[in-house]
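For reference, the structure is listed below as structure tokens.
For clarity, chains are labelled A, B, C and D in written order, and residue numbers in each chain start from 1.
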Amino acid sequence: MSETGRTEAFSDGVLAIAITLLVLDLRVPLVETLHDESLAGALADKWPAYAAYVTSFLVIGIIWVNHHGVFELVGRVDRVTLFLNLLLLMAVVAIPFTTALMSEYLRAGDRNARTAALVYSFVMLAMSLAFASLYTHVARRPALLADGVDPAAVRGAIVRFSAIGLLLYLATMVVALFSAPWCLAAHFLIALYYCFQQLRPVTRSR
Amino acid sequence: MSETGRTEAFSDGVLAIAITLLVLDLRVPLVETLHDESLAGALADKWPAYAAYVTSFLVIGIIWVNHHGVFELVGRVDRVTLFLNLLLLMAVVAIPFTTALMSEYLRAGDRNARTAALVYSFVMLAMSLAFASLYTHVARRPALLADGVDPAAVRGAIVRFSAIGLLLYLATMVVALFSAPWCLAAHFLIALYYCFQQLRPVTRSR
Amino acid sequence: MSETGRTEAFSDGVLAIAITLLVLDLRVPLVETLHDESLAGALADKWPAYAAYVTSFLVIGIIWVNHHGVFELVGRVDRVTLFLNLLLLMAVVAIPFTTALMSEYLRAGDRNARTAALVYSFVMLAMSLAFASLYTHVARRPALLADGVDPAAVRGAIVRFSAIGLLLYLATMVVALFSAPWCLAAHFLIALYYCFQQLRPVTRSR
Amino acid sequence: MSETGRTEAFSDGVLAIAITLLVLDLRVPLVETLHDESLAGALADKWPAYAAYVTSFLVIGIIWVNHHGVFELVGRVDRVTLFLNLLLLMAVVAIPFTTALMSEYLRAGDRNARTAALVYSFVMLAMSLAFASLYTHVARRPALLADGVDPAAVRGAIVRFSAIGLLLYLATMVVALFSAPWCLAAHFLIALYYCFQQLRPVTRSR
């Protein structure tokens, strides 16, 4: 397997595990802590956990899709690419933690909910920054591109590819200052937007 | 690797992790909480956890087999396929949570056991719905099928492939209203049925 | 990827996750529960957890090696092969649980230590039984063997391959009745034995 | 897949899971344990957990890169290679545990912080020792090397490849005796050093 293939396979593994670990944020209410409450009530009470689960699942899913989109352009990896990719993964792996934070504090009152939403958005911003750096690094070095990829086109997409995510995630930090639920909703909408609007056509024959 | 291969590999990773995380639902009784009870008694007391573990393990195993069955027909993936596949995985990843819920409440008394069984069955139904949507989406678009696959045959199997699972899982929700243990048994039987009856022949030369 | 390749890749994923989840059985003593004890003392006190970790790690590592040994002989998989493989994985995935049980009760006194050792050995026996069934099923069906594999040789190895593991693991259940630490040591020795003595030569050119 | 490819794929899986499990060491402060403290304060208070997370993430990332570096030289694996590789993985899989230990005790006072730092460094040293043994074993057996690899060059690198890591990690054990935070910083610096200085050129065409 080439360097590129190995890097993709390792990244895929980490992304698959991070997305699956999100389930650990859904915690079962124990029988002995229910007292008079019904399980249905206790579960309904945990809606922030489900909302955070769905949102983070979509976000990591989209990161996976875009990660491959970038690596399809790459033919060779150098040390800086590997390092930037590790930084990207380091942010993604933290998402189950920030998701649990969001679940726990979404309704916990003004100040702490804001902190949770800021931390959640900050990790997404860091992920987005690592992604933009990775793309920009590769796009500026024609020697790293795969055969048949047009360097000018890749370079031309730097601003669009790098800037939009950064701006969107910066915006969620502003939203976080006002409302944690709306901040989570903003992340959900960004993920949906990437799902249907931003993806380059991925259709490709076998 | 083609788009299809990547999607399969990522899905396989998520399925392998979700099936393995089921072990986290088997919890060791701590020495200091045993009091006068024997460990043997405490473990025997946890039979719902083992029953739920075995059932969910089989279910995810079968999902893995059928997932490949569908992707063997697919030659290209489009955005909607990717999105429906993410929804399917989102339901599967929740199974370790619903399994833990079932273990905890299977014998917890009428109302809460019913809630747990309904939630367990609901996630299976959602999984089944995502699966049916994925199959139907692909089956209706000959351009997405792999070379040599007969579009008419694939389309002809929509009802059989999509409807049976949906109906069976809807039926488990009805059973859930009456008895959580029988509901779990129903899921076990459905998984066994898929194991031996429903699989298309998977024999294939290397 | 062929059916066989897919089954191997999925099994490899499950084995890699199960072996890594063993780390969750090593638990950090919390600052506030140490009281006057030193951390060094508290960690030394947990030697059963390290012994169980090392033993189970070796066992799953050996299962991984032998699993590939078997699948190298296989050219086609049928439903029963898939089902027996799922049963094998179901036993392996339970090992982090039985390992935690062994860590917790190894020194907990006569009766409960015996229970833990019996459960640990029983899951190994079940794994061994699933493995023997898988091998026997494949060995008896020349149509399932890979091209160039000699059916008579494979069939001839049934007793050796199936019986030794079963007998060894049955023996550990007897040892479990007398001493949990010696039972764990027996599992460690069996794993070491498989490491160095039993492996078919795995050297093979790229 | 060849023996070598399988060993690499299994090792990659284990490394990907171990690096991702590091997130479990980042724990969310529960609402009910905050009392009058702000969440921001409680999170800031946990800086040792973040420092340990970043350091261990880098370390495992570098192990992954070097592991492939070694296996690119290998054309065949024998039993001892497999066994030494299992020992290497056994040390890596323990890293999430030693990382959690480091997070919990970094500021816990003299004696226990020292214990935590010693354990953290010891596992790194064991990893380094397994790695050096693996490399030395392969380097001394031309029959195990891949075609086109120069045995003299590989053998010539034994001291450099094996000794530097061992010495660096031995040095961290000395640092651990004086200061846990500086010990963690030393591990971070070693990982950074390997990131940018030690890697053989990994650029390679597809």
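Throughout what follows, contacts are C-beta pairs under 8 Å (C-beta built on N, C-alpha and C of every residue); 3 or more make two chains touch, one makes a residue touch a chain.
All values derive from a computational prediction rather than experimental measurement.
> Same or different for chain A and chain D, where same means more than half of the interface numbers show up on both copies?
different
> Since chain B and chain C are copies of the same chain sequence, what is the angle of the rotation superposing the Cα atoms of one on the other, rounded to the nearest 5°?
The superposition gives an angle of 90 degrees.
> So how far apart, in whole Å, are chain C and chain D when each is placed at the average of its C-alpha atoms?
25
> Could you please state the distance in Å, as a whole number, between where the Cα atoms of chain A are centred and where those of chain C are centred?
For chain A versus chain C, the centre distance works out to 36 Å.
> When you check chain C against every other chain, which residues touch at least two of them?
Within chain C, the residues that touch at least two other chains are 5, 9, 13, 17, 21, 24.
> Among all the chains shown, which pairs meet the touch rule set out at the top?
Listed by label, chains in contact pair as A-B, A-D, B-C, C-D.
> Quick one: in the complex, what on chain B touches chain C?
5, 9, 12-13, 15-17, 19-24, 26, 28, 30-31, 34, 38-40, 43, 53-54, 57-58, 61, 64-65, 68, 195-196, 199, 201-206
> Flag every residue of chain B that touches chain A in the complex, lowest number first.
1-6, 9-10, 13-14, 17-18, 21, 24, 75-79, 82-83, 86, 89-90, 93-94, 96-97, 100-101, 104-105, 108, 111-112, 115-116, 119, 146-147
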